[in-house]
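In the part that follows, the structures are each spelled out as structure tokens.
You will see chain A twice below: alongside chain B first, and alongside chain C after that.
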Partner chain A sequence: MKFKTFFWFVGPSLFMMLLFIAAPLISVFIQSFQITQPVMQQIEVETCTPGFLTQTCTTEIKTVPIIDEETGKTRTTTAWVGFQSYKNVLQMDKVWAAIGSGNVSDILQIDFWKALRFTLMFTLVTLPLVVGVGLAIALAVNNAAKWLRGPVIFVSLLPFIITPVIGSLSIYWLFVGDGILTATLERWTGQDIAMFAQAWTIELLMYFYRVWHVAPFAFVIFYAGLQTVNMDTLESAIIDGASRFERLRYVIVPHLMPLIIFIALIHLMDCYRVFDEIIGFRSQAHVISLQWLTFDFLTPDDAGNRAISRAAASAMLTMIGIVILLILPLRRTWRDHKGGAH
Partner chain B sequence: MYLKKLALAGVVSLMGTSAFAACAYENDVPLKSLSAGFEAWKAVTDAMAECGNFQAELDQEFRTKQPAAFEANPSLYHIGGVSNGTITPLLNAGTIRPLDDLVAKYGQNLAPNQLIKVDGKIMAVAMMVNTQHLMYRADIFDELGLEVPTSWDEVFAAAATIKEAGVVDHAIGATMKSGWNLAQEFVNMYPGFGGQLFNADNTTAVNSDAGMKALETMARTLDYTDPEVLVSDSTYVQQQFQQGKIAMSNLWASRGGAMDDAAESSVVGKVKMAAAPLAMEGGAPATTLWWDGIVIAANITDEEADAAFRLAMEGLDEEMVKANNEAAIWLVKGYEPGPLAKGAIDTATASPAAPAYPSTTQMGLLHTALGNELPAFLTGERDAAATLVAVEEAYTTSAKEAGVLE
Partner chain C sequence: MSKATAQPLSLKIFSGAFLAFWCLIAAFPIVWIAVMSVKSPRDAFAASAWDVITGPATRAAGNGLSLIDIVLGLAVLYFAIRWAFTRLPGMVEQFSPPGFIALGWLVGAAAYGLLFVLIFFGALPNVSGALNGITGPLGAPILGLTTEHYVAVWGENQFYRNFMNSMIVTAGVVTISLTVGTLAGYGLARSGSDLAFWLLIIALVFRALPHSVLVAGYLPWFINSAELLRPILGDLSPTLYGQPWAIIAVLVAINQPFTIWMLRSFFQNIPAELDEAARVDGCSHFQAFRRVIMPVMWPGVITTGLFSFLLGYNDFLVTALLLDAQNQTMVPAIAGYFNRETTTTDQVEAVAAAVSITAPLFLLVMVFQRQIVSGLTAGAVKG
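And now, the complex of A and B:
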């Protein structure tokens, strides 16, 4: 292809990527090293608030931002603070103290590490399950009678179509308090069940929900891959007396390997950003994720404060985490790619 | 919070109406308002809409939208519904206007205690008071021969009897959803033990004896609540009441009306109100006082502000209050305190009275710190002393970032 043609094809998406991915990333990177704060002053203010019949007036010293006369906006200063925001998020001094005193589990009381523990576990536990369940459905559909395939594919794709927030909300409503499923389980077992009262049941529901939601994606990819398995190889394996499992192990899985890597890549990226489940399940008291942590820093409180610098630092740390996770599968893809060129 | 937004998307009603039913005049300036979504706001905005050319947005997430929307020039809304907790960012950024001249022009019917003055200038007009106070199932208390509790010790004694009798699923309901709600429970309990939230130098004083006692009391509640209490917000507790699953709760007065709503409640007429329980002998009721009211944006023309205030006064008139007497503890003329208002009035007029929730930048920061750090205590991951230290540290970090502390 001529360079000019190539350029006109790639140009628009390159521009969009620079505008919507690179630029915000650079801006967040810079903000994570800065703190912007309003210039505060202390003034004596008399505030009157209503009681029921009377009014109470109090005079107190209040710390309020200075409003600029000209622009009418709050006056702010921006300072470079180096790694301060990262320190505030990571709280390494406490981590070392916990390790030093031998109470390693104390580390999990720090928000960032608590979130990291869950995010990593969530990602790594659901990964094999999604690949396994996806492959199982694909094999089942592939072996099903032709007339049955359409409906089965349709039904097994449904979970994937549901908007993630709505899906997690549905699970929450099914299980919370006297939700339909909890009530049924309670009647069945005769025990009082509270799924949202402790961390491990919430986590279990989260794993279940994520696998249920994402497995259809893996299934579609694997099902497409199964259509390209070399029939000659399969037949010769049968003639050689390979059992069903051996055919799967030595013919089908190696053939699907690039797809498995692909699914793993996508899944790692998606799962590391786990967020909907935390919100949907209202699990903040027990389980939080890195993405939720960033969101929480960004949410303004009633007085309008938001921790933008810490949010930026936590976002950068999340990105670094994804990069580290992706290095392994990416290296493999790269090797395969180079190998394929020979 | 995101979730609340979703749940309330249905409630957010955009009411552009051309019916001039009961309005004294016809409004010809297009106006918009943004406020919380509870019953009282619906009543007020409905009354305003009768004058025409008015769009009300009722959204429980108003607190995150309001500061930015009012900072725009021209402001995206003319009228804002605020409380003493959420007026702070608007005051700080100077995006709401002093109302003295407008009050002089249109505010003949306002009572003096409705005028929220900051530094001598009227910045908001309050329409109702709100507070968390004791709601209890009078029928259960009668049946078991229990007295209405006036202190938290009595609350626990009554709860033990109710639990023993097994008449409801859980003796106590609590708004302890981790985050804002849970922090509010602490902010209610702590001053009840005589605790000061801040020192003079803006550092927080929660790491104190009163703090320990407040946490202990909160932990004792857990013996009688739903095990899933860390996900229950006011709406959830209200529903537990309505479905007859709990016997008492320290719940918002604004939720009282729903107990007698026959369409959704199975306990109509059975829920009574009492003052918020005392945390300690001789102390104030363990709660905070809130007001809700209206503000007018600064970044709009004077004509628009004039029309907006006139419209707001039309919404806050006697006629509206008479039609919606039970929707809130109104401060507006014409309000007849009914049985549902008893608890709130007793709380507000107690001596010493419960403090008002502080409208300061520091309070916002401390509220967030409490909301994030308290869950670990209630799940048993961390003891009370360590939790208070963690709250103090979290507050200090964010206060330094916000420029409140050096």
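And now, the complex of A and C:
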């Protein structure tokens, strides 16, 4: 295919990606070094209240934003502030103070580090669970009678396809104060249980939700992979006297290895963006994630201001994580490509 | 199956039990919110599971189904579903003009849905109401069931507006991202150049980007776009913030990396000899694409379309930040219920809204299960 034809085919898609993905990235990068603020001025205001004999008048100096006479909006300035926004997000001084005083756990009181801790832990805890549960379901379905497989796949797809916010809400409603599962647990244990009053129970539910939501995806892929297992290898393993577990360990799992890597990669990317759970479980007071932090900076506060610079800084810090995450797989792909796929 | 691979009974039982357990866990939360949404608040948050299912308080309030209602309803449901799978396809093919089979399906599905709603919610209650009156004890309500929360959500809270917005956004996202993505996917699949490889790698990196990073880039521009665009477009320049079509563009772009990867793998499955033959016969690349590839690419396009639909439909982050209240789609709109959620009635209304959002997805899995599975495995199995 000639370059020109190729360009005409790919052009529209490339244009969309450049305009709405690459350009915003550059814009975020620049914003993270800038701060836009309303221009303030100090004016003398005389306020008079009616009083006996004469009015009582007081003059005071007030700081108010300058309003542009043409557009009627507040006038703003944009200043380069270097790494100020990053400092505001990272709060390194508090981190060093915490390390210096020996209370390392104080670091987790700072929003960014709290979010980073949860995001990383979330990714690492759910990854083996998703692969394990997905593989277990795939093996079980492969064992099941043929007529059962269709309905089981249908039921399994439900958690995967459901809107993430709604999915986490549906689990939230089971465990909320008077939800059915909380009530059942209370009856069994005889204790008062509040699942959403402390961080660790919420985190457990979030891990559960994510495994519930993603395991079907792993299952479907592993199930498709199981159909292509080489029966000859499997039979020779049986002749060699391999037990059921050894066959799984030395024949099936190596066969599925590329799929496991694929799922791990997709899962890393998706987990690092964990966000909808925070909304669904309403956990912002206890547990937050990196993406939620940026979302929170972008949401207007009570005065209607959005902390754009801080959002940009936290977004760039999130980006660094993505780059670290992707370096290894990308290097591998590049080597494979160089190694002569053509 | 040979004797060597035959499984001991214990393993079979264990594997079956595990599967049953998984199905229970997979379906339970979704089924449970569906049950909760049709009960009065007291039943929905009752401590005993049996009370939630049978709904004594709902029944006491005079809302319930009798045995006759249940039997009749199930019978109608069974025949409706059977008819949809046996007769409907034939009728669609018979009545739709040749070449417009997709359009025929759309019209057929809409007509079928309308007919079903008319019979199930219009005619059936009257019939069963009359029967309940005659039969005495059989006609007494045994299962509490009320639709008041759905009426409140869709009527008073005007959820249909959010529904319309969701439909506009998802329809736009699916159409545009498929049009743009199909071309790019075809180009990438047929070009073995380094440039194509790099484009795919960059797309992979873009796919990993957290959406909040991108939204942080859009927001300042979108809010001020009217002033920024004034020198170019004059007084017509729009404020992009809050515009559904701006959201569509954003979601299409976010979705593009995924779409082109998936479509590329589908196009690689179509033998290149096919368009080479067309080229030998004198077609240009575009003609070959239009006449030879387009007729055979629909399975892949439908599958990719399903995933684009899911992205547009399920999105919370982008729509919550970039749309204003009057253009809000369904998923962010449900967050509005949290803030109001003070009484249990509000809570059950939120549950009803959540079920309303899930119902179309449920239908989607039912109809397109095979395509979804093939889409999931398309990228993975080939590596």
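Note that the second predicted complex is superposed on the first by the 297 of 342 C-alpha atoms of A that agree within 3 Å, B and C clash if a C-alpha of one lies under 4 Å from a C-alpha of the other, contacts with A are read in each partner's own complex, and residues count from 1 in each chain.
Keep this in mind: contacts are C-beta pairs under 8 Å (C-beta built on N, C-alpha and C of every residue); 3 or more make two chains touch, one makes a residue touch a chain.
Quick caveat: nothing in here was measured; it's all calculated off a predicted structure.
Enquirer: Under the stated touch criterion, which partner chain does A:R282 make contact with: chain B (first), chain C (second), both, or neither?
Expert: both
Enquirer: Who does A:A194 touch here: chain B (first), chain C (second), both, or neither?
Expert: First partner only, chain B.
Enquirer: In the overlaid three-chain picture, which partner chain does A:Q37 touch, first (chain B) or second (chain C), both, or neither?
Expert: First partner only, chain B.
Enquirer: Mind working out whether A:M319 is in touch with chain B, chain C, both or neither, as first, second, both or neither?
Expert: second
Enquirer: Should A:N88 be classified as contacting the first partner (chain B), the second (chain C), both, or neither?
Expert: After superposition on chain A, A:N88 lies in contact with chain B alone.
Enquirer: For A:T49, select first, second, both or neither according to whether it touches chain B, chain C, the two together, or no partner.
Expert: first
Enquirer: With both structures superposed, pick whichever of chain B and chain C touches the larger number of chain A residues.
Expert: Between chain B and chain C, the winner on chain A residue contacts is C.
Enquirer: Examine A:I67 and indicate which partner it touches, taking first as chain B and second as chain C; both and neither are also allowed.
Expert: A:I67 contacts chain B only, not chain C.
Enquirer: One more residue to check, A:S101. First (chain B), second (chain C), both or neither?
Expert: Touch status of A:S101: no partner.
Enquirer: Could you tell me which stretches of chain A are touched by chain B in one complex and by chain C in the other?
Expert: 165, 169, 279, 282, 299
Enquirer: Which chain A residues qualify as touching chain C in the complex?
Expert: Interface residues on chain A, with respect to chain C: 1, 3, 5-6, 8-10, 12-14, 16-17, 19-28, 31, 36, 71, 133, 136-137, 139-141, 143-144, 148, 150, 152-159, 161-167, 169-171, 173-174, 178-180, 183-184, 187, 212, 216-217, 220-221, 224-225, 228, 234-235, 238, 244, 258-259, 262-263, 269, 272-273, 275-276, 279, 282, 290-292, 294-295, 297-299, 306, 308, 311-312, 315-316, 318-319, 322, 325-326, 330, 333-334, 337, 342.
Enquirer: Given the complex with chain A, which residues does chain B contribute to the contact?
Expert: Those in contact with chain A are residues 1-3, 6, 63-64, 67, 71, 84-86, 88-89, 91-94, 112-120, 126, 129, 177-179, 182, 200, 202, 226-228, 230-231, 236, 240, 289, 291, 298, 329, 331, 344-345, 348-349, 353, 356, 359-365, 367-368, 372, 375-376, 378-379, 381-382, 386, 390, 397-398, 401-404.
Enquirer: For chain A, which residues are in contact with chain B within the complex?
Expert: Those residues of chain A that touch chain B are 35, 37-40, 45-57, 61-65, 67, 72-74, 77, 85, 88, 108-109, 111, 165, 169, 176-177, 194-199, 279-286, 296, 299-305, 307, 309-310.
Enquirer: Taking the touch rule as given, give the residues of chain C at its contact with chain A in the complex, in rising order.
Expert: Touch list, chain C to chain A: 2, 4-5, 7, 11-12, 15-16, 18-19, 22-23, 25-27, 29-30, 32-33, 36, 45, 47-49, 52, 179-181, 183-184, 186-188, 190-193, 195-197, 199, 201-221, 227, 249-250, 252-254, 256-257, 260, 285-286, 289, 310, 313-314, 316-317, 320-321, 331, 334-335, 338, 347, 350-351, 354, 357-358, 361-362, 364-366, 369, 372-373, 376-377, 379-381, 383.
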